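Attaching a single structure in structure tokens format; questions to follow.
Every chain is named by a letter (A, B, C and D) in the order it is written, and numbering of its residues begins at 1.
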Amino acid sequence: MNEKVYNIDDLQNVNVDGEKYIILQIGPSHPGSGHMRIKVWLDGDIIVKVDPDIGFVHRTSEWLSERREWIKAVPIVERIMLPDTVHANLAYVLTVEKLLGIEPPPRAQYLRSLVAEINRITSHLYGIGIFGIFLGSSTVYMWAFGDREPFIDLMEMLTGARITTSYIIPGGVRWDLPNGFKERAETVLQYMERRLKDYEDIWVKNPVVQARTINVGTLKKEDAIALGVVGPNLRASGVYYDTRKHQPYAAYSNIDFEVPTMKNGDSYDRLLIRVEEIKQSIRMIRQILKDIPEGKIVADQIYNQLNPVMKKNYEEKKRVMFPAFMIHMRPPAGEAAAKVEAGRGEIFFYIKSTGDKYPYRFRWVTPSFRNLPYFTHVAVGHRLADLPTIYGSIDYFPPEADR
Amino acid sequence: MSEVRKPRDPVTGHVKALAKGFKYLVEPNRMTLDYPAETMKLPPNYRGFFTVDDKKCIGCSMCEMVCPPEAITMVPRIIGEGGKTIPAPEGEKEAKGPKRTKRPVVNWGKCIFCYFCVDVCPVDAFIPTQVHDLAFEKDSEYRPSYEEYLKPPEEPYKNAKKVVSKADLKRGVGYDPAP
Amino acid sequence: MNIKDELSKISTNIVIDEKKANYKIVVDDLSKLIDIANSLKNLGFDHVVSVTGIDYPDKIEVVWHVSSYSVDNLKGINLALSVAVKKPEPIKQSDPQGNIYIKRPPVTVPSLVSVWPSGIFNEREAFEMFGIIFEGHPDLRYLMLPEDFYETWPMRKDFTYQRAKVFIE
Amino acid sequence: MGIIPIPLIIWLIEDLLYLIIFPGLVTILVIVIVIIWLERKIAAKVQMRFGPLWVSKKIGGALQSLADLLRYSFQEVIIPEKADKLAFILAPGLMFAFATIALIFIPVGPYYSVLFPSYYTILFSLALIIITPIFAITVGWASDNKFSFIGALREGFLLISYEVPFLLSVVSMIIIFRTYDYISAVQSQLSFLPGIILNPLAALTMLIVMIRTTGRFPFDITEADSELVLGLYTEYSALFFGVGMATPYVELYNFSLIFSLLFLGGWWPFTLNVMNPIYGLILPGIIVVIKAFIVMAILVFLRAVYPRYRLDQAVRSGWSYVLLLSVLSVILSVGEVVFLR
């Protein structure tokens, strides 16, 4: 089909500054670039070299978080990866909990998994929608963004905000399940299952989509491992790895789910795996809502510090208020690392504490940042029109990579 | 997963795609809210604009300390009759003395609606509302004075039809008239 | 395969926290770094998760977090490979206008891109943020920062900035 | 009004008829505005949303395109410094002009032959329609922008690969009807069968070529916005941009008229053969335009279903499947002529 004209190794020696190639600066203000610049060297219609230039939306999240109280990093990390807010929040809180030595109660763990899975569906739908508009299908774009809405409404019902939920705090979560949530969630899940069939007809099995994506942007298993790509893109290349299975957090060790993997690692596989993961998430949400245990939604260490007004609020409204500990939190000296499987891949947090009121070193790596090699390695040898296909299929989100 | 990946033959594929598109063309299925004409009544825990209960607040500055974007500033006040506060004399930055206290004011240009302040308040003095769609014309409106901040936010589009959203099997999000 | 034993064969200086699934190898000798990295790779740690620079008053620590996609019982491990370099003294310089500014020289550590190609963008980021020159990196350019941040190393603790108090109406 | 002699009014009306109603500019304007609105509405309906609405809420936002046109008219004209200025300014206008002039040779009623007696209307209209893409390439060249340039190259590739099937499909109809004139082609359909039944292969080829030439999905390759910003029109602003964007719709109208004349039986079922402006032009004209409008609606509906093909896939299918189809349609026509008549 799409044979590679150039060998990647040879390209390191190609003098790319000559007059032979068209140099295209795709971005930073370009409908197909997002907040980044992709410098592309073209030989006719064939891509010879790609240099992704990121950092246009670098928001110094590490710098900011190292100069603020621990709790104030929660909104910061959320705003870095907007389609995956819950996962960023969760990953940070997990790291802080490791430092503090707090273990949240089981109900809070289940609630965390619940919002994480709802968020994963919205994240995948976001990715599918962006992929759609990159290939020119406005319908899939509108459908996917429209179908995020029922799930975002669920998040709104549970957490009080649509996207930037700030729902997970050290020691637990901030709100309990509201009345009528389970019934509403079941309706939404049934709706989504029906819609996935429509997506299949108009998008996944559309002959034009198949022509555009099959055998485009193939990353072999060995290359995927060597380049360290993450998330659904890694699993599309056939690597069985999922942080939820291999380093379980929240309630994932109690939930039964499969990790779908594909074989070919082309753009079509990367599209399919997102659909499959949505199916798995639907299955998981059903399980969580069925199995969720009763009990507290915040750890005893936090609960015991609540004053009478807050305890009354907790009993009546199932709402966890913040004791003063949240502001004056000083985790003991040490370091902790945590991983969380977000919608786009694995978030990694590494935080070093010196027992101070600010983190000493706040390091985190987002999935899109680790998926950058797709541009430099996979796009080479394809046609210019395949660049949006690859970009859309890896679900790259520039603000997330820039942090 | 090979059966998932198997390409559909082009003729069936085109026919099915066109048929699905046509089905959606003739079916009533709009999921959008006709926004300014209809506005939504949001769930009670929705995090919208909020004010403070002047009598409940004890001026402890916890909200100022927890605010991640540093949007809250404490203004000096004097406790007057009936527990209500009156402005402190001009030029006084620090509130001192028995009747002196402080009250929070939110800069809406900075606020991110995380509700950390609402949750950290030891006397639960903040009054949350579900109003979320206010627009400001001037910079000074973003930064209200304490008296302006105390007024509960007014919803725009008062004549709009009020609806509540619900999960709908057919169109994802449906809207019922608000009770 | 007992990971503890395997790791202690590679290096004697390991810190293990099994509860958090965190393992840390502290490398004292810079020249041994690549050898240790290679033996870790042979063990099955096949990709770099993150390259972290940490700025201390007297030294700069570089931490490579590596993990495995291919070996099953290594998949749950976050292994940190840490090396510390002494910081050179800052140099005071004055420009033609007579303003004195402090130049903070970069430090040099060997690059591990030849062992783990997945660290290529991570090392570029650590270079621009901390002034860590990775020797042997094929493409050590600035990644995110604009040109006016040249040699400022903004993530170091002594980086100063002027806070803009402009609120545009 | 009483001072104007009545004969003058009648004389004026007939001239105004041609100027305004057909092939007049007003019809084109209305058709373009309505089809753009319809395209957006169809896409919106499939995508579960409202589409243009608030410009004129009572009629479903139908004036949105008119509002856009007005907006384009009063925008600032920006001409890039390094652009080839003459070509940059002239090319969109010429493209629009040729697409419009082609309409003169497409009759919508038998009375039209009185107005413009010619036995070669098919050939004239084809010749003019084929000229327009050349100006599209000029547009891409003149902008001095890499994205426009790549768009122009793509236009060139596609132009060559789809023109042959287009001409062959028309030729196969010419073979069947044994005429170069639309009016006699329609009249032979009225007396026998519509062209789409006589030669479905040619109709299919023609449809594919229509999608491709007017840049409908899935062949929206020259303007692929995720790759080329806006393709040819990247550097254009204001009315030039508006004209450039409207031209494909005028072309679409041309093609749809040709399609309804050659394949859908023209003004069938209106077969009254009276030579006056009302019965010979307006009533048949309305029927033809309605047929053309249905064809246009079907083509703009494709936007809601398909993403776009890649350039090489489109060119390959142009030179293989579509060319094969068109050759088969010619063979079918020859066969029908030899065996049926």
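Everything below uses one rule, namely that a residue touches a chain if its C-beta (ideal position, glycine included) is under 8 Å from a C-beta of that chain, and two chains touch if they have at least 3 such contacts.
Quick caveat: nothing in here was measured; it's all calculated off a predicted structure.
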item: Number of steps on the shortest touching-chain route linking subunit C and subunit D; value: 2
item: Of A-D and B-D, pair with higher C-beta contact tally; value: A-D
item: Per-chain CA centroid nearest to the all-protein CA mean; value: A
item: Farthest chain relative to subunit A (centres taken as mean CA coordinates); value: D
item: Computed distance of Cα centres, subunit D from subunit B, in Å; value: 50
item: Whole-Å separation of chain centres (CA-atom averages), subunit A against subunit D; value: 46
item: Subunit A-subunit B separation of Cα centroids, rounded to whole Å; value: 25
item: Rounded Å distance between subunit B and subunit C, as computed from the means of their C-alpha atoms; value: 41
item: Subunit B residues counted as touching two or more neighbouring chains; value: 17, 20-21, 24, 31-32, 172
item: Subunit D residues counted as touching two or more neighbouring chains; value: 46-49, 304-306
item: Contacting residues of subunit D [partner subunit B, same complex]; value: 42, 45-50, 53, 301, 304-306
item: Residue numbers on subunit B that touch subunit A, as the complex places them; value: 1-2, 4-5, 7-8, 10, 13-14, 16-17, 19-21, 24, 31-32, 42-43, 45-47, 62, 65-66, 68-69, 112-116, 119-124, 165-170, 172-173
item: Complex interface listing, subunit B residues touching subunit D; value: 17-18, 20-22, 24-25, 29-32, 34, 171-172
item: Residue ranges of subunit C in contact with subunit A within the complex; value: 20-22, 46-50, 52, 54-55, 63, 65, 69-70, 75-76, 78, 80, 116-122, 138, 143-146, 154-155
item: Residues of subunit A that touch subunit D when the two form their complex; value: 22, 24, 30-32, 45, 132-140, 142-143, 146, 202, 206, 208-209, 211-212, 383-388, 392
